[in-house]
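First chain written, first letter: the chains are A, B, C, D, E, F, G and H, and each begins at residue 1.
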C-alpha cells in the first residue's frame, strides 16, 4: 500500500499519522500559496485538518479565501484548519524571557494546543528580574513539560531547569544583536547549561519544541490508558 | 532549613532530590580525588548512593580504595555507589551509529539504568548501511523514549525520528575529523533535522540525554500511579 | 594561436571546449544584461549554443528579446540557447530531500541534460520519511551517477551513498534557518559522511555537481567507443 | 626623564605606577624563569613589591629559591612579593558558579586583595540551584563591586546583575566541553546579557576583572578623601 | 507587595529603581509603538520619567504625538521623557575613534547624562593619527570613568587604557567591512587588549557602557556622601 | 538473509560488497587492536582480503604478529591483507602540491590501487612554481580521473581543473598553520573553485577521494564490458 | 601648531600629507553628503585636491553639484577632485581573476593613478584558464609592484607570486556564494599562500592595496632621486 | 632546460633564484632531517647557501653534525648555511609589541638580514605604554619598510602606520589566550586597520613579512642602480 501521495513537486506523507501519531505539518516558508493549497487539499481529505507554520500574512490572506474555515494567527504566523481531536492529561508550560520572544513562544503554545495539550503561558520572566520568575515558582513545578523560550544570553532555561523535576525543552530565539549572532549564542549557551534534564531545539523552533512536548504527553496518556502497573 | 552542605570549596545541593527527583550527580572532570571523596561522603550520608561521570581511570582507582563497594565502568567512565531504588514503566532505547560512539552511548545507558529505566541497546546502526537499522524497525517503534547517539554527519536521529511516535533525544559525538569540527557539525546538523519531535543535547553528553529520558519516564510513572483519567 | 577573445571587460575562453569538453558557461549573477549579451554573441559564434546560470528573471526578459530562440526556466534560473549535441550512455539520477530544494535540483537536472546526459528525477525523498526513499530503491541502484541535493541536516546523500555502487555527488542547499547557517551545516555534514564514494560541491551548486556527473559519463562514453578491453 | 628600564629583551615600564596607579604586573606565561627574575629585580628595586600571574609551579619553585620572601598560590598560580600598601573603602565580592571555576575566581580575589581591596568570596552558587544564590541575596546587595565568574552557559552574572545597583564585571571561564567552545560560549552569552550595568573581560581573565574593580575602589577612595561635595 | 505591573504581553519591572538604582529602560527595537506607549504610561506613572533606546524615527514620530513633552535624538535614536533627577560627582568621558562611530558614542553620552553624569565628549581620535589623541592627554587623565567607542580594529581603548588610572569601558561598533565581521573583530580585539583595567560590552552597546559608568559614579557619590573614612 | 555479522560491539557489514562493489574497509582510528583483529577475522573469512586505514604504527605492529601476511605502509598508515582482484581500464592520477601532503596522497594512491585502479603519481607540483605543473601538462590530460591533494591555500585543483576534461576530486589537507585553520581554509577554498567539474572530500580524506575515483573506473569498466552502444 | 581642523563631528587630519606623504582620503560610506562636503572644503583648501572612496551614486550626484570640477567613476565608486601632482618611476600592475572583481580592481587602479603611479591593467585571468594568465607572463615579470584581486577561491595571487621577483599585494573580493563566506574564504586562502613575498589586505580593499603599492613606488622614487649608492 | 631537481619525494625549484631573486627556502616543519639534508645538498650545490625556517632544535642538532658550518638560532628556529651575498640600500625596521612576540620578530629580522637588508630592531613597544613607542618616533620615520609584529589585540601596526610614509607589513602572532583565538583576532584586527598603507601576512609568519620587505628593497636597489630618472 502506498504511503504517500505523489503531487509531482512533492510527496505528501499520508502515512505519517499512523507512524508518528500526527499528520504532516506544512512548513510554509519557501512554498508558493498554490503549492500549499494543493498539499492542504490532500491533507484535509486524509485527516480533516491541517496546520501550516511560518506562513507570511500575504500567503495567509490568499489561503483564507480558498479555505474560509481556516484561522490565521499573526504573532505565531500559524494557520490552522479543523480542530484538535485529542486532549492529553498533564500540562505544557510555555515560558519566555522577554516580550520580543513572543512570536516563538506563541508558535510553541499554538502547536502544543493543536496537538492536544493544555498549555499554560508564563511570559516576560527573564532572569535579570529574578523575582518575576520566582513569583511563578509554585506554578512552574506543577507543569508536566516545560518549553522555555529565550533570546539574548538564553539563561532562563538553566534557572527553570534547576527548579523542576520535569523535562525542560529550551528554545533559543534570534532576538538580539552583536555578539548574539542571530541566536547562535543562546543556542550554544543552552546546550552547555549546568542544569540537567534539559534538551534544546533549533533557533526560533517553537514548533519543534511543542512537537516533542506533545509526544511526551501522548506517551503519558497512552501509558495511563493502558493502566500498566509499574514494574 | 538549609538546602545545601557548605564544604567551603563547594556547596553540596542536598535538596536536589526533593526538588528535581534525583540527588546531585558528581561531574568528575576537573575535580581532585580528594574533593570528590568529600562530596561522595556527604551525598552517601544523605542519599545512600552516588553517581560520578567523566571519571578518569586514575581517579577511579583511588576512589575504589576508599569506597570498595563502588563499581567503575571503563567505557562510560562512570562510577556508581549503591543501587537504583526505582524502576519505571516503559523502556529507553539507546542507539548509536558506530562503534566509536560507544563511550557516549554507554554513558547514556548506564545513567538511564541508574535513574530507574529499563534500557535496550541497539548499536552500530549508522545510516550508510540502512538495512542494519531497518532490521530493528519493529523494536524501535516499541521504545518509550529514544536516545540516538551519532558522530560523523549525525544523520541517524533524523532517520529514527521519522520512524517513531515517541520523543527522540539526539546526542552528537566528538568522533570524526576535519570538517567534523570536534562534534560541532553533527550538533548543528541534528538541530536542523527535518524530523519533528527531536531535541538535542551537548556533544558527548550521554548523561544529559539519559537524564531527560528518565524525567520523561518518571512523569509517566507518576501519572500512571495517580491513575488520573484523561481530561 | 590565441585561445580567448578579449572583450576588454572579459576574456572569453573559446578554447575551453577543446580543453575540457564543454564551452564556457556564463555565470549570470553580477553581470549586466549588456555584458552577458556580448559574451553570448561570441560564444554563439564559436559554439552555436550557450548556457547561462543564476540568471534573474529581469535579465532573462531583456536577453530573450535579443535572443528570441533562447529558453528560460524560472525554477532553475537557467537560460539556454541552442541544443545539446551529444547524448551519453548511462543515466544521471537527480534526487532531492524536500520541495524547497527544487531550485537546486533543477539547476543540476537541466545542466546535466544540456551536457548530454539522460536525467531521472526523484524528488522529495528526505530521510525523515525513509519509506519514500526505499520505494525508489531499485531505481536508485540502476543510476550511473547520483546527484543528491539536500538542505536542512543534509542526511540524504549518506543514506543513498550506502545503497549504491556508483559515485554520489552531494549538493547542500541554503534552505533552512538558525543552526543551518545558510547551508554551512549540511555542507560540513556531507563532508563528514559515513558513506564512502561520495564527494561534495558548494552550497546550491547544482551546476557544478551536474558538470562533474557529465564529465563522468563523457569518460564512460569515450572509453566505450574506444572499445578498450579491460587490462 | 626615561620612563622605562630597557633590559634588551623587554622594556620595564617603571612609570606605570605614576600613570595608572599600579606598578607593572608580570604575565608569567611564555617567559623563562631567568627573564622573570630579571624583571622582578627591576620592579622590586622601583616599587619594593611585585605580582606575577599565570606562573607554573615549576617556574615558581625556581623563583622562590631566588626570592625566598615571595609567596606562591597554586590555585590561582599567582606569586606575590612584598605587601599591599593601600586599603580601599568598600568591598569587592568575588562569586563563582561552580567549583571548577575556582582557579579564575582566586586569581581575581588575590589580585583585588593585592591591589588594596577587601574581598568577600561567594563560591559555587550556579543558577541551576538558584536557592544557593538567593541565600546570599542580602550580602550580594552590600558589595561595592561584583566580579562574577562562570563557565558552562555563563548565566550567573545576568541573575546577579538584576539583583544589585553596583557594577558587575563578568568573567567567562574555559571550563566546559563541546558547544562550550573553550569559553567562547559563556563569553558571548555574557556580552548579550539582558542585565544592564554589566561588562565583560576575556576568558579566564580573573586578573583583568580584579584590576578594573580595584580602579573603581581607588576612584571611590580618592574622591572620598577629597571630600568633594556632590555637585 | 507585587514588584511588577503585568500588562499581559509584558511585566513592567516597577521595583527596579529600588533594586538597582534606576527605573527600567525600554529597548525600542522589536516593540510596536502601541506596546511602547502602554509601557511608557506605566513607567511615567511610577517614576515620572522614561528613556527609550534603539527607537526608529518612525516610531518616535508616533510616540511624540502621544507624549509631546518627550524629546527624540536622531543620532543616538534615544527618546527621553522627563528630566534626570540626580547629578553625580566626577565626569564620564566618552571618546570615539571615527565619525562613523558617533551613533554609538551619542547613545552612551545621552544615557550617562540621563542617569546623572556629567559627560565630556572627545570624538574622532582614532589611533592612526595618534597626535589627535595625544592632544587630549591631560583631559583624558582627569576623567573619572572612560567609555571608549571604536569600530574597525578597535585599538583606541588599549591606547587610552595605558594612559589613565581610571576604569575604561570599551564599546566595539558594527562599523567596518570584510574581516571586520560586523563588529566581532573589534569586540574580540578589545577583549584581548594588552591594557589592564578595561572591560567590554556588546557591539554597539553604548547604553550598557554608560549604564555601568553611571553605576560607578553612583557608588562614588553614595560613598562620598556617607563620608566613610578609609579603613 | 542476514546481511551483517553481529560482534556485539559492532555489526560487520558483510553485504557491502554486493551492494556497493567493495567489502567494508576498517577505519583504524579509535578502535583497539583487539577489536580490529576480530573484525579482520570476519572480513577475511568473507572476502579473503581486508584494508585498514588510519592505523597507527603501534597497532600495526600488534596486528602484523597476528596476520603476518599483511603489509603496512608507514606514510599512508594503511594495512593491507590479500590482493586486489580487479584491474580497471583507465588511470587515476594522484597529484599533490607539497611534500608535506604526501601522507594524504599516498592514502589515496594505495586505496585506488587496492580497489583495482592503475595509479600515476605526480607530486610536489604546487602552484607557486607553476612550471613544475606545466611540465606534466600532457600527462595530466591523459588521466581518466584526477585526485588533487593540497594543503596551504588549496589552489592546485583549480588550476588542474581548468586543464582537463576529466573529473577532478580535490582533497584538502591539514598541513599549514595560522589562517589555514587545520585544513578548513583549503577545504572552503576548493569548494568555491572557479573550475567546473570538481568536487571535494573531507580534509585529509585521501581514502574517500580514491574510493570515488575507483567507483568511476568501475562504472567505466562495467559499461565497456557491457559493450552498450551510445544511445 | 595644530595638526588637525576640528569640525566638531570630525577632526580633519591636515598634517597627514607631511607625515605620511598623502592627504587624508575620505571614506564615503556612512557619512552624509553634507558632512563629506564640509570635509572636502577643508581638504581642498589645504591640499587643492581630494579623493573619496566608497561613494554611492546618490551622494556623488549631490556632491557633483557643489563641486562641478570633480569626477565620479561608477565602477569603482570613487570621486576625484583636482589632479595628481606626482608621477613615480616604475609601474603598478593591477590584475583580477574575473569580470565580477572589476569594481575592486578599478578601485585599486584609480587610487594608484591618483597617488602618482603608472598603472597597467590585466583583467579576467583567473587560474581555471591558466593560458590566459601565461599569455601575459612577460608583462607580469616587468611590473614593479603587483596588486592581484580575486574572489572565489582566491588562487590567482599564489600563481602570480611564484612568477615574479616583485612584491605582490593580494586583495580578496566578496564575490562568490556559499562556502565563499562573503570573501572570508579567499582572504584566509591568500594568507596561507604557498608563494613567498605576498601580503594581503581586507576584503574588497582595493584602495588599501593601491595605497601600499604607491608607498613602495614613493620609496623607490625618493631613494632614486637621492642617488644614494648601494652600501 | 629543466628548472627543478626531482628527488622523488620533492622537486627542488632550482630556477627560483632566476625567477624571483632568491633561492628556495626550506620550511622545516613536517619534514624529516633526512629529507631536509638531501634538499640542503641540492640547494648548496646550486646556490652555495641555504636557509631553513621552523626547524626544531632536535632536527637542528642532527643537521649541524652533517653541516658543521651552518648556524642555528634558537629564538627564531632558523638554520643558516653560507652568507648573504647582497646588501640593499635602506633599512628594514622590525618592531614588536611584547617580549612574547620575540620569536616571530627574530624570524623576520634574521630572514631580512639573510636576504640582504639592514635591520633595526625596536622591541617591546606595545600600545598600552604608548610612551615607549613615542620615544622611538624619529627612528621609526626613518625606516624604509616596517615589519610590525603583535599578538594580543594587534593594535601596534595601526599606530605605527599612522606615523610613517613607508609601507608597513603587519604580522599577527599566536601569543594570547581566550578571545585571542590563537592569533585570529589580531589577524582580523590588522586587516581592518584604520591606517592606510598597511598589509598583513599569516599568523606568526615573520618569514613572509621579511621576504616581502626584502623584495621591496631589492626593487629600490635595482631601480637606483639603473639610475632611471623619475618620469
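The working rule: contacts are C-beta pairs under 8 Å (C-beta built on N, C-alpha and C of every residue); 3 or more make two chains touch, one makes a residue touch a chain.
What you see is a predicted model, and the numbers here were worked out from it, not measured in a lab.
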item	value
Common touching chains of subunit B and subunit A	C, D
Chain of greatest Cα-centre distance to subunit C	D
Same-site or different-site touching of subunit A by its copy subunit D, using the half cut	same
Length of the line joining the C-alpha centres of subunit B and subunit C, rounded to whole Å	44
Between subunit C and subunit G, centroid-to-centroid distance (C-alpha), Å	37
Averaged-CA centre spacing for the pair subunit F and subunit D, given as whole angstrom	52
Contacts with two or more other chains, residues of subunit D listed in rising order	98, 129, 162-163, 177-180, 184, 187, 191-192, 196, 202
All chain pairs that touch each other	A-B, A-C, A-D, A-E, B-C, B-D, B-F, C-F, C-G, D-E, D-H, E-G, E-H, F-G, F-H, G-H
Footprint of subunit C on subunit B - complex, ascending	97-98, 126-130, 134, 152-155, 158-159, 161-163, 176-181, 184-186, 188-196
Residues on subunit A engaged by subunit C in the complex (per definition of touch)	2-4, 9-11, 13, 15-16, 27, 29-31, 35, 172, 174, 182-184, 187, 202-205
Interface residues, subunit G side, partner subunit H - complex	19-22, 25, 87-90, 118, 144-145, 162-167, 169, 187, 191-192, 196-202, 207-209, 211-212, 215-216, 218-221, 223-225, 227-231
Residue ranges of subunit C touching subunit A (in the complex, touch as defined)	98-100, 102, 123-125, 129, 131-132, 135, 175, 177-180
